[in-house]
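Across the two complexes that follow, subunit A remains constant while its partner is subunit B and subsequently subunit C.
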Partner chain A sequence: MRWSLVWLVLGAAAAIAAPHVFDSLTARHLLVLIAINVILVSSLDLLIGGAGLLSLGHAGFMGVGAYASALLVKAGWAFPLGIVAALVAAAVAGLVVGVPALRLKGHYFSVVTFIVGIIITILMTNMVDLTRGPMGLTGIPFARLELFGWEHTFRTIIEKVGYYYLTLVFVALALLLRWRLGRSRFGRALAAIKGDENLAESVGIATYRTKVTAFVIAAAVAGVAGALYAHYAVFLSPDSFTFVDSFDLFVMNLLGGAGTVLGPVVGPTFLVVVSSLLRNLSPALSHVVYGVILIVVIVVLPSGIVGGVRNVAARLQGGAGRGRAGDAEAGSGSGQRAG
Partner chain B sequence: MGELLRLEHLTRNFGGFTAVSDLSFHVDEGEVLGLVGPNGAGKTTTFNLVTGFLKPTSGRVVFRGEDVTGLPPHQLARRGLVRTFQHTRVFAALSVEENVRVASHMRERGGPLRALFGAAPAEREALREHVAAVLQTVGLSGRRGDLAGGLAYGEQRVLEIALALAAAPRLLLLDEPFAGMNETESSRTMDLIHAIRAAGTTVLVIDHHMRTMARGCDRLVVVDYGVKLAEGEPEAVTNDERVIRAYMGASEELRAPQPVRGGPSGAGVVGGVSTPELQVGTADVLRFEGVSVSYGRVRALQDVDLRVGRGEIVALVGANGAGKTTALRAVSGLLALGSGRIELLGRPVAGLGPAARVRLGLAHCPEGREIFPRMSVRENLEMGVPVGPVDETVLEHVYELFPRLRERTWQSAGSLSGGEQQMLAIGRALMSSPQLLLLDEPTLGLAPLLAREVGEALLRLNDEGVSVLLVEQNAVLALAVAHRAYVLENGNIALSGPAAELREDDAIKRVYLGA
Partner chain C sequence: METVVQLVLNALHATSLYALVALGLTLILGVLDIADFAQGALYMVGAYVAYYATSGLGLSFFLALPLAMAVGSLLAMTNYVAVYRPLRRFSGATTFIAALGLLLILQNLALLFFGADFRLVRAPFAGVRFGVLGATWTGYQVFIASSVAVLLLLTWLFLKLTPIGKRLRAVSQNRKGALVVGLDPFRVELVAFALAGALAGAAGTLASGVNAFDPSIAAIVVITAFAIVLFAGMGRVPGAILGALHVGLAETLTGGLVNTQYAELTAFVLMIVVLLFRPRGLFGAQEAKL
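On to the complex of A and B.
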């Protein structure tokens, strides 16, 4: 407990110091992107790490939030209200998708979320009157905050540090939410669903309702991340929320370590940094090398970077007592209903 | 003591198959009621109907005076009706303590405020005490920090009961809690069941282990083919003629097998196609020497010696979980041996994969009639030829053996009846012209008449020189068609000898019924 407090303080200090250590405009840009991705991945981890629900359309909910806030703030709403609107719009989208999709299990659920992600992109492209479609939405106002007479506009094109800190506040909230939910009765119910849905049902857990709730929460948080992105980039196009982006989030989650506290921080940081370094090195080869790195990491660290580090640490302490979760899961059978 | 649960004319169809038929019985508050019956009798289906995992085709389930038919499992659990599962289900990736905490879902209060800011210390303390008490009851306190997936099999089964107890049931339904347990573990589990009852929980337990059930239950309900056969005190039920028949199987007057023609000269001949000669000097097509097999920590076979002579039908009988199927899987190379050796057609098989063993002259017809339901009968049969073109004479011969298959050549296999599917599965195994046929439960779930037909086909097959190792729960049928038999009990050979002698032996009744 004391150690995790130390890590928390160190982590927060590093996050606060980062834009001053890496003070180029590019580095600061990457820091904002990492922060937004951490929010996205921590919400996705509620589904993947928390409940074992492999959702492959998460960028779609981010897009819903992004367009909701961008359009409303453009129409004159205040920026904080735009954030709230993004949250509500994405939550509603999550409910509309989750209610039918979660009737399905396993791969079927994943395939449906994948398709829903594509449909959301298609809608954004084709609802030209609202979104301006493939031309992209321009003229999105910068975020503007008014607090007790203090007032600030985050002109993110030239000044990134302020917006980075604003995003960092939401990162802290998202991580706190993920951590608290994981330790609540709700989180334990999700863990039960991940472990064995029939068994969960038999000890009185309303599995379907619990899954829908988790799906709505995850979508809502992704919507907030979308709003933060909209007022950072001040330009939106459907290209930013495709299934490729959903897949990237999925990879970040697995890479960092699904179901771990730090995984949603480590995954996006690692991936954003590595892919940008590679692009500087050789744009042509970057995708190939990126793929190879992913394969290596996933083969060597099946439980993600955080899970891998934890296993090594446990082995160094001589504590071979707790086996890897993956090994143990092989034992539990899948549902056989008919007698 | 009032009535806690009542089943009224419960019926469930799967397609054209009636798994549970007009079943009625009740459970009184404070009793341990046993629901017993041979494999495939409809016990687990009944359980699934009562606990909401299946909806009945007709009939009602009444729990504490309320009609609960068709409610989802979690709502039944909230009313106090909690079950365990036949195949061990625990949350393998969580620790023992976390398992019980998760299962205490209904004891815990939820809501967004508790989720965000945590429960009050008093609530958390109460939950901790509840979890500790449950672990204490089942005797797993010492393992609370261990990963559930790493527990021994017996401990996992106990943990499963703990999960059900954590949900604080009024009525606990246990699905085959003794499966895969040895005598000591079974009786310890029965003690636990009695302790649970003493603490105020009514128990409904299903199992086919008649011996343990008769010893530990207050009353028994016996089902077979989804129909109630008998109900009452264990003593009366185990002496009921119909119950004995259901367990031992009915004998429908099959002729005895022809005496084995001696000597290594008779090479296997199926459909006029001769199969390779045996190596000189070996009259056995199969030989086990000190074979042991384990699944994790469960010993399935222990130091088993066994032989099948050329031209023999050898039956391997015994209650469920005795190790019969394991023995067959060891022969066909689907399982690795713990120790000992197996000789197949005069050759040690160590290092040979399943495909190589088939090429030696082995065919394995697994339990459960594994056919390709979307393919036609003929396509299914063609799948039985491991390499090369289909030999029409062999096909013709299979059709002679099973005329029903010829009539249905182009029908899809999925539309066949259970008995026809079984014939198809055997027919497919014969397409490789085997010298030794392994048959796993060929009459499981078949009506007596069809079972008899399968038995007759087996005898005709044997007349042609194919050796058979037959695994059967239906001991009467198996002992009627076999030359010799081995009786397996908990992975050991308890009895062996000529089938005709074993049939008269009372000891075999003990193995099945514990009478």
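On to the complex of A and C.
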């Protein structure tokens, strides 16, 4: 316990120091992107790592939140209300999708979430009156906060550090939520569903309702991340929320290690940096590498980077007890037998 | 009335192409329980084979068709041996993710090598026109519909009559039972992939003469085809074909009578409505049967 506290303090210090260590505009841009992706992946991990629900439409919910907040704040709402609206809109979308999709088991659920993600993109593209479709939504206001007479507008195009810290607050909240939910009665119910859904049902867990609840929570958090993205980029187009983006989030989660505490931080950090390096060479190449990384991770490292490191550490220590606990928690790869 | 007849005629060839891909997906789902989204990439490769064979090598379109089927078949078998077989100890969901990875890899490799320009292959019989109840059907559309009919018939005969086809059905109906009586699953699975790959390659080639394509067609086609499979219900060959017919008709009629923008949503909406009220699909049996 004391060690994890030390790691927590070190991690927080690193996150706070990061924009001053890497002080170029590009590096700070990547830091904000990493932070937003950490929120997304930690919410996705509630489904994948927590319940073994391989949802593949997560970017769609991010998009719902992004457009909700962008349109409302553009219409005159305050930025914090925009965030709340994004949360509510994405939660509603999650409910509408989750109710039919969660009737399906295993990979049929994954396929349907995948297709729903595509439907959301098509709707964003076609509802031109609302979203301006493929032309993209411009003129989204910068985030503006007023607290006890203090006020600040985050002009993210020239000044990224302030917005990075704002996002970091939400990162902390998202990770805290993921951690607390994992240790709650609700989280244990999800873990039971992941292990064996019929068994969970037979010991009195309302599996369907639990899964729908988790799906709605994950969608709501993704909506908040979308709002943060909207007021950072101040431009939205359906291209930012396609099935490829959902897939990227999925890869981040598996690569970092689904069901681990650090996984949702490690995965996005690694992949955002790698893909931005690759994208400078060629965008198509970066997606080829994504695909290859994904397949290699599934085959070689089923519990992700964090799980892999933990297994190696456990083997070095010879401490079988700790290692095995880590395996059970981290084993998204082995846990996927549930389907 | 004439527009409706015309739309139905147009739907017929769109439908028949979906039917080929949906059938391949169904075969693989039946034998291996893999949602093989990489089939979309084989469709795309089939289209590019037709393009480069006809405009690059100067081959006839009728030679390009078997060539594309062979290439699709080979690629599908490669995917199976290199990716799916090593993953067989994992669940369907894991292999589904790997399939998406493959789709992404192949689609973006195509983007790197073939570029993002839209291509259209010069179709045979383009000048021939038939009048049907005041609407016109081009010779090429007739060629597509009849080629698909022949391919579906051949597949059906293959599954019903040949020993390996019978084994394939056996594995898909009862995998454990088939293994108990000593069937080699590797050969059966390989054949399922080879067959599905050939069908997808053929569909891609046939489509290349009517619809302009770029590498992104891979994802679009396989997603629609999979929506058809879910809509119709897993596992049954006639289901895949009937499902394609329904979705193809609904899509074309929506596009023609309501709004082209929402035509691409039709398949998905149908799928979700069916799943809500009948999660096994419209024609789905309790268990997968071929």
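The rule we apply is simple: the second predicted complex is superposed on the first by the 297 of 339 C-alpha atoms of A that agree within 3 Å, B and C clash if a C-alpha of one lies under 4 Å from a C-alpha of the other, contacts with A are read in each partner's own complex, and residues count from 1 in each chain.
Definition applied: a residue touches a chain if its C-beta (ideal position, glycine included) is under 8 Å from a C-beta of that chain, and two chains touch if they have at least 3 such contacts.
None of these values were measured; they are calculated from a predicted model.
**Q** So in the superposed three-chain picture, is A:Leu10 touching just subunit B, just subunit C, both, or none of them (first/second/both/neither)?
**A** neither
**Q** Kindly classify A:Ile118 by the partners it touches after superposition: subunit B alone (first), subunit C alone (second), both, or neither?
**A** A:Ile118 sits against subunit C, while subunit B stays out of touch.
**Q** Is A:Leu81 contacted by the first partner subunit B, the second partner subunit C, both or neither?
**A** Neither subunit B nor subunit C is touched by A:Leu81.
**Q** Taking the superposition as given, does A:Val169 touch the first partner, subunit B, the second, subunit C, both, or neither?
**A** neither
**Q** A:Ala313 contacts which: subunit B (first), subunit C (second), both, neither?
**A** neither
**Q** Which holds for A:Leu281: it touches subunit B only (first), subunit C only (second), both, or neither?
**A** A:Leu281 contacts neither subunit B nor subunit C.
**Q** Intersection of subunit A residues contacting subunit B with those contacting subunit C?
**A** Subunit A residues touching both partners: 333, 336-339.
**Q** Quick one: in the complex, what on subunit B touches subunit A?
**A** 14, 19, 42-48, 51, 53-54, 72-75, 77-78, 82-85, 87-94, 98, 101-106, 108-110, 114-119, 145-150, 156, 163-164, 166-167
**Q** Considering the complex alone, what residue numbers of subunit A touch subunit C?
**A** My answer: residues 54, 56, 100, 103-104, 106-108, 110-112, 114-116, 118-119, 122-123, 126, 243-244, 247, 250, 254, 282, 284-285, 287-288, 290-292, 294-295, 298-299, 302, 333, 336-339.
**Q** Would you tell me which residues of subunit C are touching subunit A in their complex?
**A** That would be residues 33, 35, 83, 86-87, 90-98, 100-105, 107-109, 111-112, 219, 223, 226-227, 230, 261-262, 264-265, 268, 271-272, 275-276, 279 of subunit C.
**Q** Residues of subunit A touching subunit B in their complex?
**A** 177, 180-181, 183-189, 191-192, 194-196, 198-207, 321-323, 325-333, 336-339
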